[in-house]
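Take a look at these structures.
First subunit A sits with subunit B, and in the next complex the same chain sits with subunit C.
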Partner chain A sequence: MKFRAKIVDAACLNHFTRVSNMIAKLAKTCTLRISPDKLNFILSDKLANGGVSMWCELEQENFFSEFQMEGVSAENNEIYLELTSENLSRALKTAQNARALKIKLTNKHFPCLTVSVELLSVSSSSRIVTHDIPIKVIPRKLWKDLQEPVVPHPDVSIYLPVLKTMKSVVEKMRNISNHLVIEANLNGDLNLKIETELVCVTTHFKDLGNPPLASENASQDRNPEQMAEVHLDIRKLLQFLVGQQVNPTKALCNIVSNKMVHFDLLHEDVSLQYFIPALS
Partner chain B sequence: MKCLVTGGNVKVLGKAVHALSRIGDELYLEPLEDGLSLRTVNSSRSAYACFVLAPLFFQQYQAITPGQDLLRCKILMKSFLSVFRSLAMLEKTVEKCCISLNGRSSCLVVQLHCKYGVRKTHNLSFQDCESLQAVFDPASCPHMLRAPARVLGEAVLPFPPALAEVTLGIGRGRRVILRSYQEEEEADSTVKAMMTEMSIGEEDFQQLQAQEGVAVTFCLKEFRGLLSFAESANLNLSIHFDAPGRPAIFTIKDSLLDGHFVLATLSETDPHSKDLGSQELHQPVPQLQDYSTSHLDDFANDDIDSYMIAMETTVGSEGSRVLPSVSLSPVRQLSHSPDPHSEEDEAEPSTVPGTPPPKKFRSLFFGSILAPVHSPQGPSPVLAEDSEGEG
Partner chain C sequence: MPLLTQHIQDENDQYSLVASLDNVRNLSTILKAIHFREHATCFATKNGIKVTVENAKCVQANAFIQAGIFQEFTVQEESVTFRINLTVLLDCLSIFGSNPMPGTLTALRMCYQGYGYPLMLFLEEGGVVTVCKINTQEPEETLDFDFCSTNVINKIILQSEGLREAFSELDMTSEVLQITMSPNKPYFRLSTFGNAGSSHLDYPKDSDLMEAFHCNQTQVNRYKISLLKPSTKALVLSCKVSIRTDNRGFLSLQYMIRNEDGQICFVEYYCCPDEEVPESES
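Up next, the complex of A and B:
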């Protein structure tokens, strides 16, 4: 297994830093999948931990000026690593005004993802910061648990409102309740609801728009006014919203009634899929 | 004692208190002829800090009020810090600050004269104490480096705030290396911490007097405290250090003040970092020999007291030395110990009364003075070559 990559462009570096910051907010530890064309940040929580899963994908050539990798074998040309996402984001934070950044797989005193940054300094001298992020290499037999999740047919698919607004609404609801109902219909309406013994709060979003239906499926015969709803753990939803620092180019919410909600986001060329299971 | 601080110097004083507050819980205030000294030592006595503000620093400085004895006092750091807590407030509203100490009121009075005629008076109760004085001599340290505080401040920036200790050393090509220090237990555990290493070229330093391969490990928190003071005052910082286990001395100096921080360094007994040394940080053999011989020479004509940061108290100006009120037994014990390789003393630091059950690092502080001299292969960080190791 070998991996070495380099970023020289400041805009690419910034973008990559933003992605890693987002991942750090969404998942404490994540799996990094390295393949010849793509990088994926993967989270697949056990059901006991809430069952949230995440699939973030980016094309390596949009970020890296050099990218060399050699997977486990020729036919399985991939590498799966587990790392603490905060370590990566902290390592990249020091690369704010870097001349160049290198990421490579090393085995120093333990297996690491080594991020070395050549800093710009006032004098002509060069300063180099090296971060050795400890990793666990994930064996082949566990790869099957880390494949791209299948997106189920949603009952309702709807564009999300501005995420910042949604975040501040959910933050306030979090103070009152631990559970939240998210419901939407094919008429562009989305509601966030909480109910307690004392109070019932609903925030209505209107005219959000629904994406055109993909193909033949059940929701075509659906009454546009009919709501599809999911009960969620409000902390899980909030964690997702807090992780979104930049408004995405596209943000879609797919609801599978009483099963799960699937968020499908596109940040320029980085796609993020986030699945939160329904509370039973 | 009475002194008056005005203008920007109020903030400088505030910053100095902030830096000291990172170390100790008590502040020793002593008016001297050559300035007002502010000193502190931490509870495990592994770190000592001292600022001396020259009479020129003050608009008015009177060490001895006529008709009174020389006073010195010990106050709670917390209460003194609370006077200077908000540096922004000091800068914006405080015009002058008057500190006075007299025996009759048994209070240290700090008055802040603010804008619009507002006057804040803090009466801090104090305890009489003996003078706190660490014994150290920067000139006896064979290794020294000096750089603008900004350079060193930028160098520690990448390290996580929670990191306890950092290793400073000279690497290949005489680059100055700072590296996060990992304790043995941490290194052995399955959850490993990220290792960070900063490498700075020799040209960023004004003076670099140390061979490749030397390294010491000390506490980052205290170092950051001094750095933030020195950075705000735009000063140069000198670091004097010796073999692992001997105190490192950090000094700043300008015409109005000087500051000394003395921090214990980790005695080199960590097998993990020796592993590092053998694995990837091969030192050229001649250098090692140079190093150890010079080291031995040092040790031969070593006046042991000059190497240790021993807390001593002097009573008044007579200069007579007495056993200090602070627990000094380990130092005494060690300095009379005939066997420099005595391991019992190192092995039982926890028997010292008043010393909290410390980390190995801190407990070695006194014992380390007598650490075996034949352990030159330190963590000696050298920038590892770009490797494409197998992951």
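Up next, the complex of A and C:
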């Protein structure tokens, strides 16, 4: 098992830092999957912990100038690591304005992801800061739990509004209620609703647009006004929204009535899938 | 009359209170200044809305939002009264964020149909609409402090900045704040008696911060510091504060607050004195 990679371009480094910050906000611990052409950050919570899952994917060649890896075997040319996501984002914090960043799989008494940052200094000599992030290597037999989630067929698919607005609305709703209903139709309407003994609050987003339907899609017969709704744990939704610091290039919300909501986001060339199950 | 206006007119008739604002912060900021308890009582008359919050039957805060602050303000009855959860109301009013991006305003339309009905809020920002239906509660009798300007003994008007630091750094280990107002030295003194010792803060009467000084008689009164501390919320928003005491030692703090559109609103705190100061100490 071997892995070493290097980033030299400042824009790539910034982008990678942003991705890792987002992951740190979305998941406390996550799995990093390394394959010859892709990196994935994976979260698959047990149902008891709320059952949220995340699948973040980036093409390695869009970030790294050098990328060498050797998986556990020739036919399973992949590596699965578990790490505390904040450790990675904290290590990358020192990498702002760095000349280069190297990431390497090492074994220093225990397995580590070693991040070395080459910093510029006033004198010509360069400084190198090294972070050893403890990791756990995930054995082959557990990989099957960490495969790309199957995107279920949604009842309604709709583009998300400006996430900042959505975040402040959900933040205030969180002060009042623990549960939230998200509902949307094929007419571009999306509503966020809370209801307690004291107060009912509904925020209406209009004209958001729906992506074109895939052919032979069952929801073609759906009345465009008809709402599909999901009851959610409001903290789960808020956690997802807090993690979005930059507005994505594409943001889609897929609702499977009373089952789950699936957010499909694209940040330039990084895709993020986030699944929140419905409250039963 | 065009159909649409006709429709709105009819709609307004069924409400005993309708108020609209282009900038919801002109209301929410003032309400934050009195938000030290969960519940508030609202009184609306044709002059505007008064919102009252009380604690321990010893302190009362009133926020006045006069009719002129609103772009539209109609009250069908002589007065409309209801009690409401202020925490929830403030969360609803700031649903689009407490610190909006510059240039974006949240507009508000507020309707109340009458006794037993919820307070309806319609908020709009950038085409997104939020509808809130807040249940109202049985109004409670509010305290009458009977604070009458003819009984006022001492009165001082200060620029708020003069009091801001003093209040934010009050020694909270002291149970009381003692206020001395006098035509002679020390003129105006704030004292605390805490674990680390006593502290006295004197304001000379010819200070630049002192806008008016009308003290007729030496008065030394103590007020529970825990009851006065919440008034700091109003103090930080205000530009001037008027401090008055009457013949019973009751305290009135009136805060003048300028909103984002330059209009003036008032927030008033009343507090009753803590105890008689023993002869030996004064």
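The criterion applied here is as follows: the second predicted complex is superposed on the first by the 280 of 280 C-alpha atoms of A that agree within 3 Å, B and C clash if a C-alpha of one lies under 4 Å from a C-alpha of the other, contacts with A are read in each partner's own complex, and residues count from 1 in each chain.
The criterion applied here is as follows: a residue touches a chain if its C-beta (ideal position, glycine included) is under 8 Å from a C-beta of that chain, and two chains touch if they have at least 3 such contacts.
Keep in mind it's a predicted model, so treat the numbers as computed, not measured.
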Going by the contact rule stated at the top, is it subunit B or subunit C that touches a larger number of residues on subunit A? B
Contacts of A:172 with subunit B and subunit C, given as first, second, both or neither: second
Can A:161 be said to touch subunit B (first), subunit C (second), both, or neither? second
Going by the contact rule set out at the top, does A:74 touch subunit B (first), subunit C (second), both, or neither? neither
Thinking of the overlay built on chain A, is A:199 touched by subunit B (first), by subunit C (second), by both, or by neither? second
Pick one for A:150: touches subunit B only (first), subunit C only (second), both, or neither. neither
A:104 contacts which: subunit B (first), subunit C (second), both, neither? first
Which partner chains sit in contact with A:11 here, subunit B, subunit C, both or neither? Use first/second/both/neither. neither
Subunit A positions within both the subunit B interface and the subunit C interface are none
Residue numbers on subunit A that touch subunit C, as the complex places them: 161, 164-165, 168-169, 172-173, 175-176, 197-207
Listed in rising order, the residues of subunit A that touch subunit B in the complex are 1-4, 79, 81, 84, 87, 90-91, 94, 102, 104-113, 116, 121, 123-135, 137
Applying the document's contact rule, which stretches of subunit B touch subunit A when the two form their complex? 154-155, 157-158, 160, 187, 192-204, 272, 275-276, 279-280, 383-384, 386-391
Within the complex, which stretch of subunit C touches subunit A? 85, 87-88, 91-92, 94-98, 125-135
